[in-house]
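Got a structure for you, questions after.
As written, the chain order gives the labels A, B, C and D, with residue 1 at the start of each chain.
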Amino acid sequence: MAAVNDVVIKIATVNGTGSASANGLLRKAIFRMGVPVVGKNFFPSNIQGLPTWYEIRVTADGYQARSNRTDLMVAMNAQTYAKDMAEVTSGGWLVYDSTWPRSQLLDREDITVLGIPFSKLCNENFDGVRTRILMKNIAYVGAIAALLDLDLEVITQLLEETFGDKKHLVASNMEAIRIGYDYATENFPCPLEASVMAMDNTKDQVIMDGNTAAALGCVYAGATVGAWYPITPSTSLMDSFRSFCAKYRVDSETDKRTYAIIQAEDELAAIGMVLGASWMGARSFTPTSGPGISLMTEFIGLAYYAEIPAVIFNVQRTGPSTGMPTRTQQADILSCAYASHGDTKHILLFPANPAECFTTAVQSFDLAERLQTPVMVLSDLDIGMNDWMVPEFEWDDEYVPDRGKVLSADDLDQMDKFYRYLDSDGDGIPYRTLPGEHPKGSFFTRGSGHNKLGGYTEDGSEYQEVVDRLLLKWETARTLVPKPEIIYSKDNKAAILTVGSGNGGCKEALDRLASKNIGLNYCRVKAFPFGEEVKGFVEKHEVIYVVEQNRDAQLKTLLMLDIEANPDKLVSLLHYNGMPLNAGFVVDSVLKEMAKACAA
Amino acid sequence: MAAVNDVVIKIATVNGTGSASANGLLRKAIFRMGVPVVGKNFFPSNIQGLPTWYEIRVTADGYQARSNRTDLMVAMNAQTYAKDMAEVTSGGWLVYDSTWPRSQLLDREDITVLGIPFSKLCNENFDGVRTRILMKNIAYVGAIAALLDLDLEVITQLLEETFGDKKHLVASNMEAIRIGYDYATENFPCPLEASVMAMDNTKDQVIMDGNTAAALGCVYAGATVGAWYPITPSTSLMDSFRSFCAKYRVDSETDKRTYAIIQAEDELAAIGMVLGASWMGARSFTPTSGPGISLMTEFIGLAYYAEIPAVIFNVQRTGPSTGMPTRTQQADILSCAYASHGDTKHILLFPANPAECFTTAVQSFDLAERLQTPVMVLSDLDIGMNDWMVPEFEWDDEYVPDRGKVLSADDLDQMDKFYRYLDSDGDGIPYRTLPGEHPKGSFFTRGSGHNKLGGYTEDGSEYQEVVDRLLLKWETARTLVPKPEIIYSKDNKAAILTVGSGNGGCKEALDRLASKNIGLNYCRVKAFPFGEEVKGFVEKHEVIYVVEQNRDAQLKTLLMLDIEANPDKLVSLLHYNGMPLNAGFVVDSVLKEMAKACAA
Amino acid sequence: MSYIAKPKVSHPKLPKNKLGLTERDYEGSVSTLCAGCGHDSITSAIIQAVFELDIEPHRLAKISGIGCSSKTPTYFMSESHGFNSVHGRMPSVTTGANAANRDLMYVGVSGDGDSLSIGAGQFVHAIRRNLNMCYLIENNGVYGLTKGQFSASADIGSKPKKGLANQQEPIDAVSTALSLGATYIGRSFSGDKEQLVPLIKGAMLHKGFALLDIISPCVTFNDHEGSTKSYAHTRQFYHHVVDMDYIPPAKEIKADYEKGSAMPIKLHDGSKIVLRKVDKEYDPSSRAKAFKYLRERSNAGEIITGLLYVNEGRPEMHDLMGNVDTPLSKLSLDSLRPPDGELERILRGYR
Amino acid sequence: MSYIAKPKVSHPKLPKNKLGLTERDYEGSVSTLCAGCGHDSITSAIIQAVFELDIEPHRLAKISGIGCSSKTPTYFMSESHGFNSVHGRMPSVTTGANAANRDLMYVGVSGDGDSLSIGAGQFVHAIRRNLNMCYLIENNGVYGLTKGQFSASADIGSKPKKGLANQQEPIDAVSTALSLGATYIGRSFSGDKEQLVPLIKGAMLHKGFALLDIISPCVTFNDHEGSTKSYAHTRQFYHHVVDMDYIPPAKEIKADYEKGSAMPIKLHDGSKIVLRKVDKEYDPSSRAKAFKYLRERSNAGEIITGLLYVNEGRPEMHDLMGNVDTPLSKLSLDSLRPPDGELERILRGYR
């Protein structure tokens, strides 16, 4: 099935052996040749010594999801040879280190096995254990370059960019490239049928992971206080924020910082810090993942009820409990939507890729401050830690942040008396003040019963008045959150509806189904609560395939609850084994469900 | 509206002044006269000095809910005189301490105001500040005894039971009773039209609060490890467990205990302790309330996924956040059902009154051990802390606890090898072993990805096999949990469906509606997941009034999600101001909804 | 919370501070605590301290957890911003608030349950950061609001109203803070206003984490015979070891201190505190020695009070982080963004 | 977790203990930690200790939180029950387990992140209860599993691989445990098996809370120059202060200890430990003095190791509670119910 500019390369190595930079070099080289790529990392939940895979999909069409093929397997890890070979798609190739013979590799006749003595070659050409290991990685890049006909100029240039002044490193790396390249060229018919051919499909595109993009969004939103507790797969979000801040938030004269990153003692403290900072008027956020959300539950309820802005990035991983920390899933939707005891509901935003992580991050602060409530950005490991090709982000230098209804000292001067929880505008959103601004602005923030004036109460009707207003605010939120992406293929009765990282696989599936003459409409929700558009879309269709990455149909659940979508027409296609979604799953499932419906 | 044996007495005092025992005396006296009573406490979230009310409903019919009348107000708290007077139902009476004149009491002409100089009388007859305060409380009991024609013999007997050998206390209390009694008899026409007349409607009944009953259930279930962190309104559950244990669980010879109550450092630790103890094979539980549940969230997910039994009593209070800790609500249903990140769902049991708290407590351990998963008993402040008249609990001395699938040392001896998560019986429930029992029984408990053998895994399909089995276990749970209470009045198309403490008010409403010729069917769910019976009931009806005590229709939510109940026929009647439900609310709301439906 | 409206009468003859405010102006709502509760005395000491320090009410933020003690921020400074958060989590909220706005003064009020049980983790980590705040533990040895269970500060052998004496080792806030490096540590007693007011003043002005562990008897649940946190017991075993005077910026040190026993320390705003050592052996500048002294004395049943350790030298959180002087919350968002057009440059690195 | 199947070869010549087991029988799955990780050395010290103590594997429960360190229970004693719980919550799970079954031996394995940050509250409260367990902190100054952030045990001035040196006061597990009253406190180093093995044996047999704070370098993230938790730094500044020997029940104390420096202590099972004081000034029976000594030495940059404090006298949790000797989990449920017919009597009180 592999073809020119439509190949899936998978590299099997051991973690901690430095293969990440070699894999990145490979991915970038293809991208620089103008050919779209997708890069996915499959790594274990440990630090060193276990099998790890990097998958590069070369996709002229620019699809964003993983493919369920493996055309060219580079099996560098003896522990997983057997498994890796089994995975190669019929007609594909397997490259392995033939320094040691592997007779079991002759098992499959439907694939081509290419042995390259990487270790031997590197031992002959390089000194030092560490160098030899690193160079072996570069050497397989060289071999792949030959097999797929990559542009060596581009590779050279990338190495130069990486090592800059360190010319000797450029030289030694190029030597390793050559070793692999030459061996392949001499021993095999290069290039393979499936190769990479320069084109012009990556213009104005970048390759980035979602955590970096979200961090950049936080910088652009003007966030100043980031509190967090490390947890995979959200850690790199704060790491990136720290790097950007080191660059853009240090006063060049005084060397002083205009940001505070606080590594909290745990997630309970991290969210407490965010609430404290937001209360003071700073834009503040915390990145975390499932277990962290569970620990933040009590504070999230306080923020909801006391109406304090907060931005929480939940980079979801496979649950429940510790689950599989290095695998992806979308299974925190329900627990985030209704986090905390008592009557609560929370705004969720669902970016679908790194580009949206950037814009959604900015939006999340605007919405949190406008609505005075926690906003949770639900990304996942696939978006957060994998390499996506996305259009260059745009930034409007005229952007005016929405700080919401905050009374200034002047406003307060002109007021008789300030009451915190009055709904003066009829939109369910009260006015707030910032501590320290003005003597008249003081009020008491509390999670205990309070009335609309902000006073403590145990009076049932005063209490009820406030929680009822929160429902009105929810309706306002519905009008402010991002609208879904909707695509009509033709005016038919069936559609696919998905969320977040389901987007890539579903869109590709739409194309594939269309090629089978099945034209489905498409809706990708971007936020909870759902607005009119989602409701209208659901109502308009007779069958909606709800594609999501969890076991319990959590998105479907929200559709049923928030817009009373009729469950009879919502057909769940659930993918939750921890791997990113691929179009094949969607296509197969849709076809199966269609067949079932016909049979019934 | 008040009539003989149908009176609502409300006593307004200040907390910390010892009125609780006087109020208890009054309630018991009526009960001992064979007349059913309901006792509700409305107290502030502080310790001393704020207004507090005790409401006694005298109800020949034996209704269990509050009434929305106040026939006889005993206004002992000057701070709340005005409010208290305003609350008296037209035609009712207000008793106040006339030691100081209260001219504003003449405001209402539709009620009768009776002044009794309690303070003056007590100052004349007793010495010491504390004694005078306490005796003033007893004196109002005396006055009410005269006004309502209570049996002084019964009161004397109760005082004798209370004070036992301390004859002088009996005497002084009886003197206080006399003072109030005589003043009322001499100055007012006693008894009032609404009075209490001895009958025989309390045979085989007891008066108890739900926390005491649940604690007794834990004792009978054989619970040995109780870990907790104090929180209103669940605290008295552990207090009662401690008292019962002090009596029944201390070895008479060695003076040693067969129970461990651990006051944890917080709720995270409390649930951790429960899991540790359950893992070791002890029956273990924790009582808590909303904020505690939020803090337990992470561990609850671990228990679900690692399949560890746990019993959690959630005595619900008004949320969100700290909310109103001394007011009731049923607003943790949703957060308990889906507690924790990732795909999880949990078994909920809903007792409706103290008698059911007793049986449900026992059941909860059986179910938790049978199903190897957390079971949450959702009570509330109304059930847990108020005085309910319920039939004497029954206990079958032949009761055989269900310890679930635990392999004994003998079983293990005969096995080749033990694997923790195999579904050998096809019901989704694997076998477990207890640490220390047998060398072959050892296994590794973890919240991280594991396969059916109990081994660590990061393999998608191995992971999925286990979480899919958990769904099968859920279906087994569905068949094991308690069935709903269903009452058919006639074969009509409309019904009331409720849960927990909604029971009393709804049943009374059924009677009242029936008297208006509106005959509704009735279903009270006792557990989540819902079984066939609930599903059948919902399907059979065209309109179902879902009565629940929260803002967001959380029970309706579960019906929609768990049995895909059609929301169109579920009409929510929501009562969530923190006060216990009363029948009037249900009747009025049903009538209003019926009118709306007719108009539409 | 109270049903009694607070009388807002003007009292022309009450003394005024530099801001023209009277002590009344620093009061809050009427307390709803039990009559005689130690916490109310601490409230009034706070009011006196802030009045005398001429603090602008709206420039002070008062933060608490949950408990009788944590309710007290409602009872002082009604013109200040208050935040009654969740149980045990006052430190994190204060950390975030302070990170956002370093210019305000932060007073955290907590209980022994709030800080030493559920909040123990946050308590120790706020100390580690040398968070610039005044942290008050109103310590009664019990959970007042949930009706009298022992807290982690209950002493071994202390008897409850009924039931068995406590057998668990107490967590002593002072020695914990010493072992973690808090930079201003005092212990006092709600019934000793004379000692308490200057301690609070110093704590408010100290730049860094200032802890005051204040024994504050719970009259309802822990003031009986046999309780080691009762008024009677505290009075009996109470020892001043290092008292202090607070001297405002302008004033000179005048009092005639006995040589060797007085130790003046300059605070960051120019004011001074003078330590007066009652026990000359005591060294309030050494964590190691202070700890040893305290343990030995507390083994002997003594309650050692006063300003027990102080270190004006250690940088507080913002300085440890190297932050700008302007509060982060006051920076305009525009100034926080990379320059116009910079995004394009950044993105070039991702091609 | 590993893809390599563990070879299950029999080794007839390996030495056997009293139970007829070899050290091999106390091993677990193959470690998936980084080659050279200190934690693996601790695992092997544990294996040696339990082998030599003749412990029946299934009578020991091993419990952990989350982290590289918390993974290690998989790598020893595969015939024991293990519980890899959630991050920072090993103490509570162990408390509950022990409450239910006091007869097993409990080994808790934790990391500095697991115990001193997220788990700080549970850590201190387990100490307060004098929970009968052996609590190991595999202390590397960083969060290994999340890739090298500083933990709360990082020393001031310790440098990360890149970025700025740590400025926050460390939480020292040993002095915290001293201030809270743990009854057996030791510090050691993963690279010093000779010291470690007897310390672990004593900790396992001690009746009460035994803490071992074991410096265990993280070769991947915290073993570079400038790190104060590296192999090199630890070796350089490492001082034995009180070493100990473990002497099994039957054996007599034979070795010839220098007078005044040896201190024999009898453990509850009849075995003995003999403390050998390297620094004769040191007093491992006084919390006050030990604390002072440790702080002063650590101020001087020394890493003080050995059995630093021990108190065999304080009752452990069950004895504090007055519980029966039989494990609660072994009592038949029937025996726990009030006698037949008693319910009726109870209910009479509610009429």
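Worth pointing out:
In the analysis below, a contact is a pair of C-beta atoms (placed from the backbone, for glycine too) under 8 Å apart; a residue touches a chain by one contact, two chains touch by 3 or more.
The shown structure was predicted, so the numbers you read here are calculated from the model rather than taken from an experiment.
With respect to chain C, maximal separation of chain centres occurs for A (centres as means of Cα atoms).
Computed from the mean C-alpha positions, the centre of chain C lies at a distance of 35 Å from the centre of chain D.
Centre-to-centre separation between chain B and chain D, using Cα means, comes to 43 Å. Multi-chain contact residues of chain B, defined as those touching 2 or more other chains: 44-45, 265-266, 291, 298, 302, 321-322, 446-448, 458. Among the residues of chain D, those in touch with two or more other chains are 1, 84, 86, 117-118, 120-121, 124-125, 129, 152. Chain-to-chain contact here is organised exhaustively, every possible pair of chains being in touch.
Only residues 16, 44-51, 79-80, 229-232, 235, 263, 265-267, 291, 321-322 of chain A touch chain D when the two sit together in their complex. Only residues 117-121, 124-125, 127-130, 152, 167-172, 175-176, 178-181, 287-289, 291-292, 295-296, 299, 315, 320 of chain C touch chain D when the two sit together in their complex. Only residues 1, 56-59, 61, 63, 73-74, 78-86, 89, 91-101, 103-104, 121-122, 124-125, 129, 318, 321-325, 327-329, 331, 333-338, 340-344, 346-347, 350-351 of chain C touch chain A when the two sit together in their complex.
Partner chain B is touched in their complex by these residues of chain A: 44-45, 290-291, 293-295, 297-298, 301-302, 304-306, 318-327, 329, 331-332, 334-336, 338-345, 446-449, 458, 460-461, 463-464, 467-468, 471, 550-552, 554, 557, 560-561, 564, 566-568, 576-579. Touching chain B in their complex are the following residues of chain C: 1-4, 32-35, 66, 68, 71, 84, 86-88, 117-118, 120, 143-147, 149-150, 152, 220.
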